Structure formats: structure tokens, C-alpha cells
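One chain, subunit A, appears in both complexes that follow, with subunit B as partner in the first and subunit C in the second.
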Partner chain A sequence: MQQVFGNKKAIAVFVLPTLILFIVVGFLPIVQSVYYSLLEWDGFGKGKFVGFALYQDLFVNDTYGIKFLNSVWNTFYLAILSVCVQLPFAFFLAHVLARGIKGEKFYRTFFFIPVTISSAVIGLLFLSVLNPNYGVLNIVLDQLGLGSWKHDWLTEDKTALSSIFLPAVWQWVGYYMLLMYAAIKGISEDLFEAAKIDGASGWRMTFSIVIPLIAPIIKVCVIFAVIGSLKFFDLTFIMTNGAPQPATDVPSTLMYNAIFRRNMYGYGSVMAVFMVLECLLVYFALQRLFRSREEEVAR
Partner chain B sequence: MISALRTKWSNVVLQFFLIAFAVVQLYPLVWLVLTSFKTNLEITGSNVIGLPSKWMFENYKYVWVGSDLARNFANSLWYTAITVVASGLLASMVSYAVTRMKWKLSKLVLLIIMSGLMIPVHATLLPLFIILRDVHLLNTPWALIVPYTVNAIPTAMFILVGFFSALPRELEEASVVDGCSIYQVFFRIMLPLVKPALVSISIFTFLSAWNELMFANTFINKSSLMTITVAINSLRGLHTTEYGPIAAGMVIATLPTILMYIFLSDKVQKSIVAGAIKG
Partner chain C sequence: MKLFKKTAMTGLAATLLFTLAACGSGNNNNGNSASVQPSATAENSAPASPSDEKIKITMWSQFSDPNSKDGGFIGFYKALEATKAQFPNVEIEHTGIGGEAYKTKIKTASAADELPDIFFSWGGGFAQPFVAGNRVLSLQDLAQDGTMDNLVPGTTDNFTFNGNLYGLPTNISTANLYVNTELFASAGAKVPTTWEELTAAIDALKAKGITPIALGGKDRWPAMFWNSILDIRMGGTAAVNAALTKTGSFDTPEFQEASRKYKQLFDTKAFGANPLGTSYDDSINMFLTGKAAMLYMGAWVNGQIDAPDSQVKGKVDVVKFPEIAGGKGNADEWHGGSGESFFINAKVANKERVWKVYKFFMETMAKEVFMAGSGSSAWKGDLGDTSKVDPLAIKIGQLSSTATGFSYWWDQMLNGNDTESMFASLMQFSAGKITPEEFNKELQSKINPGK
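Let's look at the complex of A and B:
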């Protein structure tokens, strides 16, 4: 028995292919990114080692005037939008559906559809919806007599950023709804019965039973929403690629453009390294925040 | 009595609200389908919102025959299929070895691969590009299949490790007593038992590989090898004013995921939930 389950050769056959692939394709590249970020390199020939000079160029001097920190702020704006608007709304939908309403399954199924569609399609779709001349949004505003609300959504400084975030919020509401829905469905009906007998109101049940009991999934949603915002790429890339610069710039598209459009490999890698550190830092900060919350509740 | 009336009213309000939201979620997609059947003239002004005056099936023919789209569609299909099978198999093998077999470094291997859940793939873009260039795999299917497979493995393992750990030991031991080798135990006994998990991760991997954009856009620029997501994005550069055919291309690109969702909506939803509970 021991021999079979401790079979070294079999373990190697099961584990090594994946482990090697994972290290070469997933792990080493991160290390390489760190190394590239210390080089001044255009991708041809050998790079010149310059230490942290490019970090200083990017964050302090802004040598190329690309306003990287502004792009970081843009993604935080999306993160805030996501956590403060999208998630509460998703929770509301999840709650209404999970506590039983006519058409529960129908709504749940339909609200989730946009999640299955590629962001390339969503991006192109909303480019048309937001088109100033023949986009659905402006036409509907006109017909409602709200012509003064019309905008050239994607090219005006004020509206451009929100306009590319709109489809992201729209697309993923159903995703967070589903996660919270599944969690609420997992709460034992007895708890609600008991609370009802004790005379708890609907609001009271929401805040004293539902939210505390699904806190773990709320944590998952917040982490996904925030980290997903910081890594935001597809819709910016498809819809504006940063225009009107720098209104809709995000770190990932700046990185992409630095590397593949301007051949600034070292500079782009600085941004890549920044994103890795940023995501890790924010991840642990959120974990910590939720842990201290949990302890407070436990007390 | 009054409270019953109130519940009834609040139900009506809620229903109204839910229907309104369903319209918001679905209308853009319905609009896309309608647009794909319209003429340019209708799309750019004369009939943006209504039904097409004449159903232009030509738009579909135009984009399917007149561009590489059929090719791109097939590319996406088989890149995704290989990714699903390869990542499912590799992840099952490692998950099995980590949870059911006895060796010293199992915890460490699990930790290393699970750390992949935290890595933003963006940071691997340039190094991967350089590696693929150096080994002459840029502009080949493998430039996408290999990274997609690797990126799918951590999530897949997350689900599978849970499933494997929950299986009873006796079954394996009995089959070993009966003379099964470890490979037979794995392929004949254990793998069939985690089938529900395999369905979940297949759906999950299928969706993310089919919809992936950044790698697909970077590692392949030959139009005959492109995936469909990249291809429809480049359509608008090639055919700037052919809005109808572009919309048709977008519908085509969406069909496989939507069809899967229509037929397997409960399974898809389960898969998404399973893939997320890893905070």
C-alpha cells in the first residue's frame, strides 16, 4: 500500500509537468519583470543596467509626461465605484431574489448573461451605444426630452472615464449578485423563522442575520472588485486606449503602450512591477481590514 | 390585513423594478442582434432603435465569407478546447498527488501553484513575449494555449483539491488490494468520481480562455491564427464603415458562450460560484 501511494515515479509524472510549466510561464516572468525594470532597454540588443533610475523617472520626475499616478487614481476611482455602487446594488438584487420572489430563477438567469460575454464584444457594443451621433443613449435622451443631457461621452474629459467604467459595472453586477445570492441561499431558513417569531423587522433581519452570515462572501466580492479594478485593461484598450489623454489612462494600458508601441521595455516593466506590488499590498490590506472586523463582531 | 396589502404593493414595486433592470441588462444585447441585421444607413441614423426594415442576412454572409472570421472562430474553438482538456488533466493529476499520495514536498508544491491565484497576469506579459519570441513560438497556437493552460490551473486546483480530499480512502485501498496500479487508481477510480468538479472547471476555463484579450492580442498578429475576440476588434480598423457586418461578427463571437449558458445555465452558475469561493 505504502509503495503504491508513495510511488516516487508516479508522483513525478503527476506533478513535474505542471510544476515546470507553472514556474516557467507563471513564476519566472515575475522575477524577470523585476530585472527588466532595472534596465534601460528598447527590446533590441542588450539593456543598460540603471538601477532604480526608471522608478524615479516614472514616479518622481515623470520624464515622459505620461502621468502614471493619475492612471493609478483612475483605477481607484473604479474600485470605489465598484465597492460603493455596484456591490450594494448586487447585494440588493441577491437579497430580493434569494428571499423568494416570483420569477426568482428567471431574473437570476437573465441578470447573469452579460458576465458570459467577452469584454471585447462589450467594449465594441458600448462604443456604439455611446456614439454621439447615432448611439442609443443620446437618442433615448433626445426622445425623453432630455436633449441637454446629451454628451460626446467618450471624448469629453469629464465623461470619458465614467463612460468606460459604465459597461464594466453593468457587465459584472450579475456576477456579484450570483455570488451573494448563493451565500444567502445557504443561510438556514430556521434562523429567519426564529427572528420572525422574535418580532424582527425585515431590515433588522437583513442587518443582523444576512450581512453577518455572508460576510465571508462579501469579503471575496470586495477583493475581486478592487483587485479587478486595479488590473482593469480590456475595456480601456478597446474603447479609448487612454484618450482623451490622460483622462482614461489606466496602468495596464500605459504599460502595454510603453512596451509595445514605444519599445520602452524597462519603463513598461516598472509599471508591471508596480502593479504586482500594488495588488499584493491591497490584497493583504483588505484581508486585514476584514479580519479586524470579524474579531470585532466576535467580541 | 394592512400588512398583507403592504406586502402585495411592495411586491408589485419590486417586480416592476426587477423587470426594468432585466431590460437594462438585456436591451444592449437585443439591440446588438437587431443591429447585425440592419443596413449601414439604418444603423447610422434612420433607424437606430427599431426593428430592421429588411432582415439583412447578407451581413452575416459578408463577415463570415469576406473576412477570416470563420477561421478565427475555429481557432478560438480549438485553442479553448485544448486549454480546457490540458488544464483539467494537469490540475487533476497534481491535485490528486497533493491530496492522496504521500510525499514530503506536497504542501510546498500546493502553496507554489496556489500563489498563482494572486499573480496579476499583466506582469507576465513582456517576459512571456520575450520567452515565446526566443523559442520561436510567437504567432503559433502554442503562444496562447500554454499560458491559458497555466493560468487556468490554480483555480482548477483550488476546486479539485477540495473534491479529492473529501473522497473516502477505502475505495482507493480496495482497488490497490485488487491489484490496480496507481495510474489505474487515478484514471479509472478517482477521476470519474470528481466529474462534477471537472465540469465546473471546464466551464470556468472555457469562459476565460474564449474571452481572453490581452495575450491573444499580443502573442499573435497573423490574421489566420488570431482568436475571434481579437479578430472582431481588428474588423473595425479594416472595415471602418461596415457597421452591420461588424455587429454580425460580434454576435458570432458571442454565440458559443451564450449557447453554453442557455443550455447549462445552472451548471455555469454553479461553476462560477465554485471558482470564486477561494478568498
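Let's look at the complex of A and C:
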């Protein structure tokens, strides 16, 4: 066995299937999308090569009133919500559970349940919760005498976006909680004991021991949360599909609509290419950010 | 090293096998379609008694479930069986694919030029790319055999492109005003025949705490129905169709007045408190449970209204949409029409025989679908015993028999891109974000730019 894995050719053979698969289903479609994004093509017959005209139209002229940049901001709003609300909350839960609490296993499972439910189900669930006529939320507000707080949540500009993003944030809290929980569990108990003997408070232990030691996992969580937000699709698609336009549009629903409803394959491909580049850029930016932080800490 | 070679060879063999298999299946597909084509052309080239020779016709439709209770499905399968019995020498091979998947399937088949001999399609903007791509056989000359005289006027409009007919109609589907007579009586309101009577009825119903009109604005197209019919009443079907087919304008005084009336309905809460947060299903439920008094909807709701367990069975009347004084359209102009058809592949063999089979099938389907209670027939002539047909369907048939014009669903008349632009503007307008004047200007600039 040692011999086999030492051999470069053998390694190549073992890597090859995955590499082929990755190229065929991952890399080639991206290249293809770049090509399509240069065509004006309705999906039937032959496309017309127009160079970067569609890019210009999407970002500058906006002939069809799609307001693509607005949708990009929407996803950044979700990313901020994720990093500033979801992750701290997930960390809080993970910390409380990992440091020992009665019913630890129960709560761990409990908070993880939304992650296991399909987004379609969550979407429909919140659709009925937020329904203006018979939704639980409006009924409860009525019962509490807060009738003036009632809204048609998903169709009013001010409330629509948050009404979709809050369920999304809620849904994935359990996922990040579990990642951080496992990391905190992995910290040696000795460290906490030593800190206690030195007279460290609970806060001190959290900030000087827990957070620095699970920093790699926090980094992973932040990257997942941000990239996931930028690609966000399912709940928006199920709950509003962008209505009231353009308040809840996100790039991926616009892309879907451009390709499958408007029959504009080229236009949709431009959005796809933009999303690939956007996610890559943000990923590298985050990597850099964390690296410089690590260097600072090391110094 | 020996082990490595073995592994490498196995891996290589597996990869080869995989690629071969992939190629193989691809070839199979090609082989199939290729083998059908020559045999069909061979038949065509044999001149001796072509009508007796056995031919095969492939057919695709969206009617995927033979056991469906939907009137359209029932009518389709009855017509299919009748056609098979009528033409014993013709073998019809039918493939049904339901829902959105069907649209994708025929679009991809069209791109690859692998459409079947006969295929179901929607008219208007949906059919445009098929016709433009020369995928569909023109029926203009074939239909001069007297077929045109058997059709209700205006029913072929959605299948006619540049003066050429590409499909025969089956049924006329209209949007109708359904009225809950019990709620109207309790509010002391009169079933409306004019705009003034409609607004008076709305006020009377509101005073009684009844939602006047059920509207599922969340699904967008029910709101489009109201916008269309008001445009039809103010401008007439000819003007609406002209705007939709890019030969007229949306930005006219009539349509602006229609939009002001549309806004008036929203402003006076005629559609209840949250029409834009209400889905189509919710709105139908509101009407079926007697919470809303009116519904402007296509004839496909007949079945639900007259279902055995329906709470409003027997209490619902159906009427023409009220006239608007000063409008150019009259009460005999309808929103709806004939928008579903079957097309014949442009490359079909045995054109004449396929035409005969096709014509018989379309006429039979028109009658069977009417019998099943889903839309009036677009074909003239005796329908036979109609005693078992849904009474609402019969009433609609009577009302629309004097129709002088049709304007079909906007989201079918327009192409996909224009449909999305139209919906986006309509929803902004419905939410009160743009004025009636801005709405019409926007429609014109997005759908008919530069005109």
C-alpha cells in the first residue's frame, strides 16, 4: 500500500475520477455559462454573438427594469444579518450547551431540527404564519391588542425582505451551533480549570480561551454564512419570488426568471457569471481578512 | 508496481466502459428518430393507394393522466379514442407529460428539431418561436376545405401568424363574473350590468361586512384578469389585441381611464383588505365558502362551484362583465378565447392524411371538452344531448354565443420577457406605487418600445 500511495502516477489515477467529475459537472458549465453570457439567445435555435453588450445592459442600461444591483444589495443585507445576528446567537447557544447544562442532548437536537427540514416546508410554514388573512402572527398581534402592528408582511416593501430573511436566519442557526458546539467540546477541560484557579471570570474564559481556540471554525462559519447568503435562493423563490418587485429579489431568483420565464438565456448567464465571480472575490477577501487577523494575533 | 498496473488498467477500463455506454445511449436515441423518419418518407413516396396504407402518427400533449377528473383531460382522452376508432389504419402513439415539464420538453425538442408529428401547444407569444423557427406546418391552404366555415369567428386569431394559420382551435375559455346570489340578496344589492351598478353593489356588500370581490393578487394573473377586462370594456378587444400584438398602444385615454377604474377598486377595498397577499387558492376558497360575493375567473372554476360538497352550489349565477358607459367595448366582448391547440410538425410525412386525422380529432375534442364542462366549443354545429353538462357551463355557452370579440390571456399572448415586464408593472401599480398614467406609459415603453 505504501508503495502505491508513494507513486505519483497512482495518485493521479485515484484523483482522476473526481477530477473528471468536477470538471464535467462543475468547471465546464461555468465555462459554458461564460460563453452563453456573450450571446443573445432565447433557448431556441441559434444565438447571436453580442460580446459584452448584455453585461452593459444588466449593470448600466437595465432595459427591462430588473434592478439587478438592488438584488445584490439584498443578499449583502442577508450576509450582514447572518454574520451579526445568526452567528453570535449560534455561538451563544453552542457555548451554553457545550459548557454543560441540564438536557444538553435534548436542546442540541431541538435547535438542529430546522436544519433537517426541507426549505420548501419551511417556506410554506412561514407563508401560512405570515398570511395577512389567517396567519398566526397577525392573529396573535390582534389578541395582544397590537392590531396596529399588523401587516401584510410579504407584500409590503418595508417588511417583505425581513420576513423572508428572518426564517432563513432561524433555519440555519442550528447548523452553525452544531459546528461551534463540536469545536468547543474539543477544548481541553484543563485549560478551563487552570483559568479558574487563576481566578478568571466566565466572560474572561469565553473571550480568552473559547473564542481564540475555535477561531478556525468561526472562520469556516463566516465563510459559509456569507457565501450562502450571496447564493440565497430557496426561501425567496418559494415565498415571494421577488414580489413586491424589486423588494425581495435576489440574484439567483432573477437568474431563474430570466432563463425560464423571460427566455433570455444570455441575460441569465450574465447573472450566473457575476455570481460565480462575486462569490470567489468575497471568498478571497474573507481569506485575506482572516489571514491578516491571524498574523496580528501571532505577533 | 504490479498492483499499480492492475489498478490503473481497471480504472481505465471502467472509464472507457462509462464513456462507451454514454455514447451508446446517445447513438440509440439518434438511431430511433432516424429510423422513424425514413419509413415515414418511404410511405409518402409510394403513390399507390396512400389512404389504405397503415401509417403511424406520434403525438405529444400535456394531458398526462388518463384518469384525471379535469374536463380538459377527459375530453382529450375521449377524442383520442374516438379518433383511433375512426381511422383504423392510423396508429396514434401518444405521449403525455404534465405541467411545466411539458413546456421544457417541447422547447428542447424544438431546439433539436425532434418534435413529434402532432404536439399540443399554447397560442400567441408561446407559439411564436416555434413558428419563427419553421417548426410548424402552415394550415392556411389545407383549412380552405370548408373547415374555416365551421369555426366560431375569432377563435383562430391566437394561432395565426403573418396571415398564416398554424393550428385549429378546440375550445373557448372565457373569464366570467360569478355572483353569489344569496350574499347579494342579503345585502340588498342588484346583480350588476353597468359599472355604476357594480360600484353600488360593492358599497352595499361592504356595508354588510362581506368582501365584495375575491382576488388572488399574490399569483399575479388573477389581478391581470381584472386589468384586462377593464381595458376591454374601455377600449374594446380590437384595441387591446392591437396593443398586445405590438400594432397598437397601451398608452391611450381609454386604457388610462380603465386603469383609474382598476385603482378605484383597490382604493375602495373592493377586493378586501389584503388582495396582494391572497393567493389564487385562498381567493377561490373565499368565494366557495361564501366569504366573498363576486369572482371574475375562467370557466375552470365551474367544477369546484358545482361540486357535491360545495357550500355555494346552486347559489351562484354567472353573468357578462358589466358595461362601462363611455367605453368603446360592449358586453359581448370577452376576455378569453381560444388559446390552446395542437400543431403539426412542418416536416410531417403524409400531410393530407395527417390533416384529416387532425381535423377530426380537434372537432371531437372540442365537443368532448364542452361535454365535460370545461369551456364552450370553438366549432359550430349540433352538440347533441347536453342535459348532463354543468349548468354554469351551459349558461356561459349561451352568454358567449353572441360574442363579437375576444382578447386572450395577456400572459399567453405576450412572449415570456414581455409577460414578466407586464407583471412587474402591474404589481407595482396594484400596490399603488405608480399612477394609472405611469402604468400605461410603462407598459407601452416596455412591451412596444419606440412606438
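Definition applied: the second predicted complex is superposed on the first by the 277 of 299 C-alpha atoms of A that agree within 3 Å, B and C clash if a C-alpha of one lies under 4 Å from a C-alpha of the other, contacts with A are read in each partner's own complex, and residues count from 1 in each chain.
As a convention for this text, contacts are C-beta pairs under 8 Å (C-beta built on N, C-alpha and C of every residue); 3 or more make two chains touch, one makes a residue touch a chain.
Here the structure is a predicted model, which is why all the values come from computation and not from measurement.
Once the two complexes are laid over each other on the shared chain, residue contacts for A:N263 go to subunit C alone; subunit B is not touched. Contacts of A:V210 after superposition: neither subunit B nor subunit C is touched.
When both complexes are overlaid on chain A, the residue A:D42 reaches subunit C alone and has no touch with subunit B. Once the two complexes are laid over each other on the shared chain, residue contacts for A:I30 go to subunit B alone; subunit C is not touched. In the superposed pair of complexes, A:L154 makes contact with subunit C only, with no contact to subunit B.
Of the two partner chains, neither subunit B nor subunit C is touched by A:L254. Residue contacts after overlaying the shared chain place A:A79 against neither subunit B nor subunit C. Residue contacts after overlaying the shared chain place A:G65 against subunit C, while subunit B stays out of touching range. Contact comparison for subunit A: of subunit B and subunit C, B touches the greater number of residues. In the superposition on chain A, A:A225 makes contact with neither subunit B nor subunit C.
The intersection of subunit A residues touching subunit B with those touching subunit C, taken from the two complexes, comprises 4, 7, 10, 13, 17, 133.
Per the touch definition, subunit A reaches subunit B in the complex via residues 1-2, 4-8, 10-11, 13-15, 17-19, 21-30, 32-33, 36, 93, 96, 101-103, 107-121, 123-126, 128-129, 133-136, 139-140, 170, 173-175, 178-179, 182, 216-217, 219-220, 223-224, 227, 230-231, 233-234, 237-238, 252, 255-256, 259-260, 265, 268-269, 272-273, 275-276, 279-280, 283. Residues 11, 14-15, 18, 21-22, 24-26, 28-29, 31-32, 35, 43-45, 48-49, 90-91, 93-94, 96-98, 100-103, 109, 112-113, 115-116, 118-120, 122-131, 146-147, 149-151, 153, 172-173, 176, 181-183, 185-186, 207, 210-211, 213-214, 217-218, 229-230, 232-233, 236, 243, 246-247, 250, 253-254, 257-258, 260-261, 265, 268-269, 272-273, 276-279 of subunit B touch subunit A in their complex. Looking at the complex, you find that subunit C touches subunit A at residues 1, 3-4, 7-8, 11, 15, 107, 110-111, 129-130, 133, 218, 220, 273-274, 276-278, 282, 415-417, 419-421, 424, 427-428, 431, 433, 446.
The touching residues of subunit A, when paired with subunit C in their complex, are 3-4, 7, 9-10, 13, 16-17, 20, 42-45, 64-65, 131-133, 152-155, 157, 243-245, 257, 261-264.
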